[in-house]
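Below you'll find the structures, each written out as structure tokens.
You will see two complexes here that share subunit A, one where it goes with subunit B and one where it goes with subunit C.
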Partner chain A sequence: MKQYWKDYQKDIADDNYFYVRSCIRQNFFPGAENLFIDILKNKLGKTVFEDAEHTTCTGIGYHTDVVPLETTMTVIARQFALMKEKGYRNMIASCVTSFGLYSEVLDMWKHQPELREKIAGYLMEATGRTFVEPENMVHASDILYKYRNEIASIAKYKLINKTTGEPLKVVDHIGCHYAKTFPERGVGGSEFPQVLTGLITAWGGQTVDYPERRHCCGFGFRNYLVQPNRGYSISQSKIKLESMKPYEPDLIVANCPGCSMFLDRWQYTLEETEGTVYGACGNKIPVFTHEELAGLVLGYDPWEIGLQTHQVPVEGLLDKIGVEYNPGLKYTDRQGNLIGEPEMINQHVC
Partner chain B sequence: MNNLEILRQIQTDPRYDESCRSCLNCGVCTAICPAAGYFDYDPRKIVNLVREGDETTLTEIISSDLIWYCGQCMSCKPRCPRGNVPGILIQILRTVSINTGLFAKSRLGRQQLLLKRTIGHNILETGYCIHPTRVDPAKHPEQGPVWEWMSTNANQVYSRFDAGYDKEGPGLLRKISPKALGELDRIFDVTGCKELWRKIEDGAAK
Partner chain C sequence: MLENENHRIAVIGAGPAGISAAVTAAELGIDVDWYDKADQIGGKLNDYYQLFPDRTSANKVLQEFDDQTGTARIHKHFGKAINHIRNDHGRLMLMSDQEAVGSADSVIVATGFDFFDARNKEEFGYGIYNQVITSPELEQKLRTNPDSLKIDGAAPANIAFVHCVGSRDQQIGINYCSRLCCVTGIKQAIEMREMFPSCRVVNFYIDIRAFGSGYEELYREAQEKHQVQFIRGRVSEASENQQHRIVLKAEDTLMGRPVKITVDWLVLLIGMVPSCTQVQVADHPCTDQETGFLKAANAFAGNRLAGQTGVFMAGACGGPMSIPEAAASGRAAAAEALQYLINR
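Up next, the complex of A and B:
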């Protein structure tokens, strides 16, 4: 392997993980994190622990400039302290914003030991907890990348069109804070990230290389969270969608919960406001998180892993792959009772 | 306010050294910047002006909308041949703008009050930056009918995926314990976040 590729490989711990959840992923993809934990525990035989006492990392507050650096650092130090107290040394972040921020904070502590000491003091003063750093800190998509071939070996489905036998065309979207902030902490770096293409190809699909592949989804923090600013956000997603449209992708997969949500929701908004759709045959393009894609090939029930919480319907893709599902259970509760149905536009399969 | 304070405040921020080294004015940051493609905004120029260090100009910048356009994607970081991060320099300028009260002089700066009262309060009141009960479908029409369905039927929808929803203990959108919320509150106190919030409230009130 040439040296410049070695620079962008990363050390991903084998087992015994401390898992911290994502605010956005829990809100908008509520099946994804429990699915990830289940895959680790019950498909891969790993130990993963979630501490009820962990909280938000404050990342959205930090990037909207309402939470100062030292506050965010101390909240993150508290997460690390909880990990150590429970006997773990390897952290998995569900959120890409969190992962980027943890990377940033660890780098600053490394280069500014006086800042590290200051934060250790704040942590002790505010919580009585002892400062510690993780031995290994990765994003959840890194774990699926590490075990992509093991998942492929037990998969029920492949990312292949069952009618044509052709690999599905999959757009990978890497959250900006996964590798743009610290390229050496992302598998493949920021220019040629491998973390999702590795999953796609191992599971039978082919990746789509399109001009705006590395463009931001457009979250923009304050540029979405303040309603009058949202033109920025939808415009960035539109740049990506227009760029990928000629390639007629079958699906999009993203490792960042915000990106997954925006690429899903802005397709709805663009259809409502401009009448434009970006998939083949007049359809929108289904968007999956990395956990959901793993769950799909492993044969989990689509409605048990939360695919009904997507605005872009997924049934067309499920039919293409040949995934079995019961349409009648899509909008039911835990007991199987119909909750009610959102007003949806049905898609058809080409 | 002493104008001479501004450059010193920028340069003493712990993030300054990693954000602003030697700039060769190549403009790659502007070429890759999503905000530069949408607004009349040029991160190359911002780096230049900070490096020139003119106090009057710096005062103008941090009193204007200019520093609030960046979407914090950090696309500028891996492309800069000198290792600068204009996106982080923007974070510093915003911090100084709030600390000096100058944020309130610009329309976009004044939006900090809304962000403090939504995202900021969410954190201390729920333990999450966002929570299903605080993303009102009426204010988020772009979220579409599925979000409206999820929000309206939150207990049934979220409980399908985790019976622990909104209950204490581990799991999906668990209720964050009073102990954990108390620790967050104390962290926000001792690390200066509440002081920053006071400045946002006071500045916006003026």
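Up next, the complex of A and C:
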């Protein structure tokens, strides 16, 4: 049996990372990025630096034709220049769209040196900074993949149903911009990606290979940002959810801001509008980011890493794994004040 | 006429082109040393079921070929792969793994082709999903065990063929057309409909290239008599459902809309690529840089191999070719080799 993913390996730097955050993830999954930095620094002992001067990559504006290509390139060249100025050569992008856009820009510079020269000129003219390219540029999920076994060795929990002893069934969803543009830049390529499967299996779970595994989550900037197209967005999520439903997955993990967001939020909308849920026992399927999944197995407090901000409740899964948590603290801040509570939860017991 | 009757020709390859070259040279009165890596004649013909366009049995064609090879002038050296020809002061030395195993005054290279490795088109899931097979694998099933096409003992309900797998595809660097996959898909679709009349058979194509004699008629017959459905569009993805059936996504480019169907078998019509055992001729480039197939010195003038003296090519080692074309090419190469020996 051919294992296609073995043909797609990539260089992932060992240490000394310059981390660039996402524009939107801090709203969608507010604990995920801090959790990633904490895992790198305090669990894996790595050096990671983030620069308050870094900005958006312009990805959303670029993909919606608001920001011209040369502006995007100059902004990205500035990110790389900041990295060099701070003494780093290895970049980690938090966001899949940023990672895809950085990859695309680096590829264009490689094939069009005159364009690279032009952008270097713009960068100098606009910011006085010197143009440089990173030695290594990866996505945050690549780092977790690289250190998946180290994480497994210090994990508190496994992705195993504590009652049955069976591996949890995990749907992995890879953001389109991670490897569909440049399969060689993603661990495992684009057809049978390994980057999240590697995490799932290393941490005790099993991957669900369902027919719509490679289908877009429905986020697609034009699908969502153009308001009349939002019906198209939710219909794509529904295609995926219907396809995975017969497998009764225990959870979904995604490495893209939009995918995590919409696979989570649209489940709520579909339940509200159609009365349909896609998990077992009349429940929705909890959705995690790659960092959150790592945090879960490493034993972080679920409410410290922001799992209460998910639309789909996670308690059913926490109970399956046997994660210790205090239900009473779910909607409180660190001072114990109530932060607000959703009206509709509809969580059933299997 | 040849002044020296001791001249010998070597033929490398015992597929249709090699058979025709060896038989023709022998009939013209020349002794032939005949090499093949396999122990028997026929090459890939041994694996086929029926041949397009008239559905002649491959066994029958092979037997007819074999019947011609019993002449005393043909000396078989089978089970030996020749992988290099060395020109030693005009004498052509036949090398097998650095060892000279024979020599000749003229050589006809008829080493055929390989099939494209469908695993390089990952989106079709070949090598991962059991219900995804290639066109030569379907020929093998039809030839040896047609019942293996049944699903749990019953006729399959849906079968899809995908054309141009490993042909006309810039993504994998194969820009040429393999020419024969279309008619193979048409023939096999008809065979499936005949074997399983209740089965829906769909062919996904870019455009149908039915160039040979009788091919267009077979294409029409497939549609009108056998109700084979042809959808113009590439398949973008194959995946497996819980019942281990293959879910296909494609675009119907004539209707301008996406298509999604579930099939019991997905058959990939794989193209032809240069043989990995293709003979390397020392010091002179004799392959087409883009396709990797052997190249004639002047394709308009004959089959002499580019940059070589006394070496000729025949059949699909020079590019995708049907069995009748390969046989004709073998006969032509034999005549050219004889002409070379007379004139030199």
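As a working rule, the second predicted complex is superposed on the first by the 341 of 350 C-alpha atoms of A that agree within 3 Å, B and C clash if a C-alpha of one lies under 4 Å from a C-alpha of the other, contacts with A are read in each partner's own complex, and residues count from 1 in each chain.
Definition applied: contacts are C-beta pairs under 8 Å (C-beta built on N, C-alpha and C of every residue); 3 or more make two chains touch, one makes a residue touch a chain.
Computed from a prediction, not measured in an experiment: that's the story for all the values here.
In the superposed model, A:T71 lies in contact with subunit B only, and not with subunit C.
Number of subunit A residues touched is higher for B, counting subunit B against subunit C. Of the two partner chains placed by the overlay, neither subunit B nor subunit C lies in contact with A:D11. Within the superposed three-chain model, A:Q236 lies in touch with subunit B and out of touch with subunit C [touch as defined at top].
Contacts of A:D209 after superposition: subunit C is touched, whereas subunit B is not reached. Of the two partner chains placed by the overlay, subunit B and subunit C both lie in contact with A:E191.
Applying the stated contact rule after C-alpha superposition, one finds that A:A126 touches subunit B and leaves subunit C untouched.
Once the two complexes are laid over each other on the shared chain, residue contacts for A:E274 go to neither subunit B nor subunit C.
Taken together, the two complexes place residues 189, 191, 214 of subunit A in contact with subunit B and also with subunit C. The touching residues of subunit A, counted against subunit C in their complex, run 1-2, 4, 189, 191-192, 209-214, 246-247. Residues 21, 23-24, 26-28, 30-31, 33-34, 50-56, 58-61, 63-71, 73-75, 78, 100, 107-108, 111-112, 115, 122-123, 125-127, 176-177, 179-181, 183, 189-191, 214-216, 218-223, 225-227, 229-236, 239, 265-266, 268-269, 304, 306, 308-311, 331-334, 339-344 of subunit A touch subunit B in their complex. Remark: subunit B residues 13-15, 18, 34-35, 37-39, 68-69, 71-75, 77-78, 91, 94-95, 98, 108, 111-112, 114-116, 118-120, 123, 127-132, 135, 139, 141-150, 152-153, 156-163, 168-174, 176-177, 179-181, 183-184, 186-193, 196-197, 200 touch subunit A in the complex. Interface of subunit C with subunit A (complex): residues 119, 122-123, 125-128, 237, 239-242, 247.
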